[in-house]
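Before anything else, here is the set of structures, which you'll find just below.
Note that subunit A is present in both complexes that follow, paired respectively with subunit B and with subunit C.
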Partner chain A sequence: MTSVDTAATTEATPEPQGYSAWLGGTDHKSVGTLCLVVAFVFLLTGGVLAAAMRTQLAQPDLAVLARKPYLQLLTFHGTFSFFLFLLPAWIGIAFAIVPLQIGAPRLAFARLAAFTAWLFVAAGAFLILSAFVHAGASANGWSMDNPLPIHGVGGRAVDVWILGVGLAAVATVLGSVNLLTTVLRMRAPGLTLARLPMFSWSVFVSAAVFLLAVPVLLAGLVVLYVDHHMGAHVLDPRRGGNPLVWQVLFAFFAYPAMWATVFPALGVVSEIVPVSARAALFQRKQVAFGLAGAGTLAFFGWGSELAGNKPIPQILFSVTAILILGPIALTMLSWLGTIALQRRAPRFHAPMVQSIGLLTCLGLALPALAVMYAMGQGGAGHQSQWWVGAWHQLLVGVSTFGIICALYYWAPKLWGRHLNAGVGGLHLLAIVGGVDLAFIPLLIVGAQGMHRRATTYGADSWGPANLISTIGAYLLAAGVALFVLNLVVSVVLRRGRLATDDPWEGDTLEWATSSPPPLHNFDSLPEVRSSRPVHDIRMAAAADAATAGEEPDTRELVEASA
Partner chain B sequence: MRNPRRIWYALVAGIGLLAVACAKHAPQTTLKPEGPVGRKIDSLFTFTFWIAAAVFVLVEFGVVYLVWRYRHRDDRPEPAQVHGNTRLEMTWTAVPALLLLIVAVPTFRTIFELAKTPKDPIRVTVTGHQFWWEYNYPDYGVTTANEVHFPAGRNVEFTLKGVDVIHSFWIPRLSGKHDVEPGRVSRISMKADKPGVFLGQCVEFCGLSHANMRLRAFAQTPADFDAWVAAQKAVPGQPPTGTPAGDGFALFSVKGCSGCHTVAGVSTGTVGPNLSHVYSRTAFAGDTFDMTPDNLRMWLHDPPGVKPGSKMPNLGLSSTEITNLVAYLQTLK
Partner chain C sequence: MAVTEDRLALEAGEGAATLQTPRGLATVGTSLFVAGDAMVLFGLVAAYYAIRAQSFKWPPVGLGTYLPSMVAVTIVMTAVTVQWAVWAIRRNDQRTTLNALAFTIFLSVAVLNGQWYELAHLKFDVGAHGYGTFVYLLVGFHMANVIAGIIALVVVLGRTFGGEFNADDHESLTAAAIFWQFANVAGLVTFGVLFLHP
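Let's turn to the complex of A and B:
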């Protein structure tokens, strides 16, 4: 075997080490870590807000939160959870992992990546600031329903909110450009697009979706700012404007962008399951095309509430929103097929156990979404609590759960420490139970006619289900808090088990370097001849060593092959 | 592995939840439709729900089975590397595609059926305001608010118009919902099988009191409906001066109520609900408070206080003025 010497192509400039690496560094691993720090701060904040909101809805006619503070928490819960948790978390993980997976020494635009991370920090600062501006925080939901002044809260806080979300949106566009370029231009020799690891491929699809969808949000934010700050009345029907302009722009961004936070989660599990089963991913090609197809379909299902009375647009929106579930289901089935086809026990290491938790949540979210979109805009699903339940099953049970799976899988690589698997089992139960208990009752009350964004409710029949949902929300919050605690204790406080270079016997290139990797990632790269280069080396060496009776570790093999 | 037992717990919890869902009466449930349009939507729901439920159960049991069947045992050698299985791959691809197709076809049909214009309908124009509903009957010359009346067994066609923010009109037991958008007129039609009272709700977030923008639909016998129309068309009498109601009548103009509210023969304001026959309704303020003298007193004392975001200002009325105004409102039957 031959290998490619990457050390020669790596820049020789010294990089800051340790915590100072975060402040001025451009190493993709510390930049990704910074994005993750921002994300987890806002995951916890958003979770606390959600728990407060669920407390108000635990029983009919409670007065825990008055209407305006409730709606302010609702706005910040949605804004934080999406723009400052899901987006920076996935972009952070992608920044940290994609160059390692494709055998690159860095991201295509290293400084732009650092700028992206700091934009997320700035966006967080703006959004927190907007809560303290004199007229009070905005209370219009994460979709900023408008016309803002008529909605009740229209002060300067809304301007600051628009700027904060705008910064997060710019960060997402820049991060996407960076990741797309990295995947297209920085791959190791022999690593064709067809051999790209599934996580990198899912990041590629998501980045493409973000690149097409997020600029539309930026355009909408400009209209919103001009309308709100300068009084342009583009959106105010009392002055001849039309609020549908913003609604359409936001929906065209939000629907594909929400799906784009799901694809990387599917990508992560598509890495973990085959490694655990010690097999290639079953139907790998179909899954890859399926993800691309889902990314395309994500641009069609956004308008199911906006179609008006005409049946043809209604059908186009509803049917594409159903069809997108096909490739997702195919991916899910391919994981089961990977296990079933081997007829052997998969290794139930911690990332695999977490992935099974994600799988059960995905099995719940897909049918719930299918029913909702099959009903069309008039059915019980849209705008009711069913909508809230189904989308949270997806965004919490899959997008967020995927981040947990990814960190169990890659924390040993990135930071050299394992997360505690025992604690993992505990919060797995809490999170799966929490997702079921918190969000299944919402489907029920949705079908019973309970509307979305309710600040309170009077009909007594919704009480019991709402109480169960609130208990589930607490359980979910406890599970997520336990996970973050595990992460802090294991990685930040360095109490986790020390990781070897290749703890899971992985297939892809990130397992061919040290844990944590050196600044330039690889001292030497193995030759890539399939989608499982590290597996290939291990097999070849195992064949050689079969007579010698001794099994060397992966990195020695890589170096020996050089 | 813990997983199989965990799934059993989840199933037990799920069954418990279903019991919760069926146990109590639910005035706004879509699961007990009372008209042909509601039934169409309900049958679509039932159909897709059972397919989805079957998929859910199969997937979860598939996970449990595979995890149990191939549970971890020590000393397993590296498995043989299996590369694909064409028959399984085709099944895996065809089954989801087929299922989605089966789900999509009735959706097609229902959307087309619901888009049809009904024959010989009662026509009602609905205007969404923050946070109340205005109804106009163009064929009868009647205007009312929050509570809509129509004969049972006859089609009703609602024409939806917006003036401020986007609302959404929903009477779950009779029909689907539709957004009420400024700048675009849309239609939704329904029919009630038999007389009854049906609750409804605004379902598009419209501001602080979105949760209190409710409505109530009265499906009546044709005779009752005709009597209601006749009563609504009547011009309310003027209460005699010197009585509390008479003083209230005077205050109605002095305090500026007439600027926003219409009372037939007295004022023509259109900002707030038409009050010509306000006391014939069972509730007020977006169907939030029952129509009682005490509730009216509470309301007039501080409207934005009891219903945040309400466009009706606190007029700073004295206790006597409130008493007189309530007495006047009680004459508007």
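Let's turn to the complex of A and C:
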């Protein structure tokens, strides 16, 4: 029997305890937790900013926020939510989970992972600092092109913004290198790439996309910096430059990177649904290839974000931007198939219930995006509130919701405590209702021509839709706050139900160790002969357990098999 | 890193499978990092050609090609010498490895010096015109990679001197060589784009 005894060699090292573990440590679980702490701080901050902006737009001609402070909040909302929430949150979860899923004792580069987490902290510090520099925070939008900050436009804040975003970008590149190397080189014996768990595979695809997309942003930031700070005019059309240089470099980064925050959410649900249905993922191989295909297509749809393109590239961009929705929709069908093809009803445990919420949001986001890219620059195009509504349905309803699903599923493993399922049901309703109420009305006013950066509006006909959207935004904010509260009370204050080693009867290797896992992750590894190694052990032992009349827990089985 | 990996080089005893120190971490990690680094270069070169395509007079000022050519030739020489070091350690020839690495570092400092001289003696500043901006940006990008590469080469030189590498175990040296070859590619692309065919 193939197995590995990993305990003996790590006994000499004392395990750091408590806060010192994740402040000074290099253990991938505490480093991932640190990334998540940063992410949730900025999720809440970004959410409060969004609520303030929605308050200004609740009624026509309100004067809650003047134009400049509104645009400053808009800039911070976008920057925080993407660079300091979605990126560190997914990298943090991947740091914490991928080594466990592939049966590795650590990440490929443990200290680099800690450095990555602290780079996110530094990036956050600089971006907050940029609000306090002379002349106030930048109001140029998260894509820094409205107006383009050439020749000192936007003041010192832009310099600090460039530094902060640059640090977050470097952190993302280093985190991606780490995760890719870990998946390529640290898998347990027998765990071939074809048997890789779906979450690890989705992380692999996303990390590859980040690795090739985010450095292009760094090139753009350098050009932006010399134009803004050093008197160059690469982006100044009056002096032989071209503003499209920045816009293309930014879009080439932003469009694939936004999709790359969606893939891990699909990966998480592709873990939860089969475990809930007690079956293998339906058409698993097709879903895996589909995700890789979507990752590739993500590099070809960026141009449809840009105004003023020529018709032929515009059509190509639109077509690829619609094509990418295909594999995503197939993934949804695979989840439905996994459940529908079983004779037994699925188990509706907390992660599965959250996943259903994600599924409803995804089902609305895909048609909204399809219509937007089919329309191109006209009507419900990229400059209207439709753009805001459609992308937020995806980035909030899927990318962010996926983080919630992931934590319901893996919090018991990582921290040994369940999140409260009752509270979960409550914030599930608030978040799904909030996403629908906040973003569907934006599609309507967008189709009627409300500009995506409008800071107020006079037409009375937009009043009701905007009011509903604002109420939805508050509901969404309350739901997210409730989730974070649940996380804090259950995990940080240790009020949550104690977790067993394998609370969901999972299929993948992370359920073969204790909850929380020891520093070296595994005392012994089961033999991997399929994509569901823990399921295999459970099946093999089922007959024995039946004769003995008792159900042994998973870890006893693992150790027995060793 | 070595200590950690030793600690993780686990043996489960007679008859059981052995989880060995994963090999190829440094080379795979470096290759992936280089892919990201190459995308920064790709972004800068794409921006360069976008500006060039809409300019009537390009380059606005003529630059001599003598010094850049010398730098390019030196770059090609370091590409050979660093590979020489890798081949030598594969034969377990530590003395030749040391010599080849030392020679590579000497040449790479010459490259750095040449690039620095080039930038310091330009008659325009970074904001003069589009071409000038990209001279500073692209040469600067290459220099940043050269500096990082020299640090990596000095570290592996020290480790070679300490006898840490042999024919079976020289992954960090290979990784440093991979990174250095990328820095060379960046240097040659910069040379071609800015000076050979501006």
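Following the convention adopted for this analysis, the second predicted complex is superposed on the first by the 536 of 562 C-alpha atoms of A that agree within 3 Å, B and C clash if a C-alpha of one lies under 4 Å from a C-alpha of the other, contacts with A are read in each partner's own complex, and residues count from 1 in each chain.
The rule is simple: a contact is a pair of C-beta atoms (placed from the backbone, for glycine too) under 8 Å apart; a residue touches a chain by one contact, two chains touch by 3 or more.
The model shown is predicted, which means the values in this text are computed figures rather than measured ones.
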Clash or fit, subunit B versus subunit C on superposed subunit A: fit
First, second, both or neither for A:Pro69, with subunit B first and subunit C second: neither
Which of subunit B and subunit C A:Gly220 touches, first, second, both or neither: second
Which superposed partner A:Asn242 touches (first subunit B, second subunit C, both, neither): both
Subunit B versus subunit C as contact partner of A:Pro516, first or second or both or neither: neither
First (subunit B), second (subunit C), both or neither touched by A:Met375: first
Partner chain in contact with A:Pro60 - subunit B first, subunit C second, else both or neither: neither
For subunit A as apex, the angle formed with subunit B and subunit C - C-alpha centres, to the nearest 10 degrees: 100
Where subunit B and subunit C come nearest after superposition, their Cα distance in Å: 8
On subunit A, positions contacted by subunit B and by subunit C: 242, 244
Touching residues on subunit A, where the partner in the complex is subunit B: 66-68, 71, 139-141, 145-147, 150-152, 237-238, 242-244, 247, 277-280, 282-283, 286, 305-306, 308-311, 314-315, 318-319, 322-323, 325-326, 329-330, 332-334, 336-337, 339-348, 356, 359-360, 363-364, 366-368, 370-371, 374-380, 382-384, 425, 429, 432-433, 436-437, 440-441, 444, 447-457, 459-462, 464-465, 468, 542
Subunit C - residues contacting subunit A, complex: 4, 7-8, 10, 12-13, 16-19, 22-25, 28-29, 32-33, 35-44, 46-47, 50-51, 54-55, 125-127, 129-130, 132-134, 136-137, 141
Parts of subunit A lying in touch with subunit C, wherever the complex brings them together: 2-6, 8-10, 13, 105-106, 108-110, 173-174, 176-178, 180-181, 184-186, 188-189, 211-216, 218-220, 222-223, 226, 230-234, 240-242, 244-245, 248-249, 252, 525
Complex contact set, residues of subunit B against subunit A: 1-3, 6-7, 9-10, 13-14, 17-18, 20-21, 23-31, 41, 44-45, 48-49, 51-53, 55-56, 59-60, 62-63, 66-67, 70-73, 76, 78-79, 81-85, 88-89, 92-93, 95-97, 100, 103-104, 106-108, 110-112, 114-115, 130, 162-166, 168, 170, 172-173, 175-179, 181-184, 186-188, 199, 201-211, 308-309
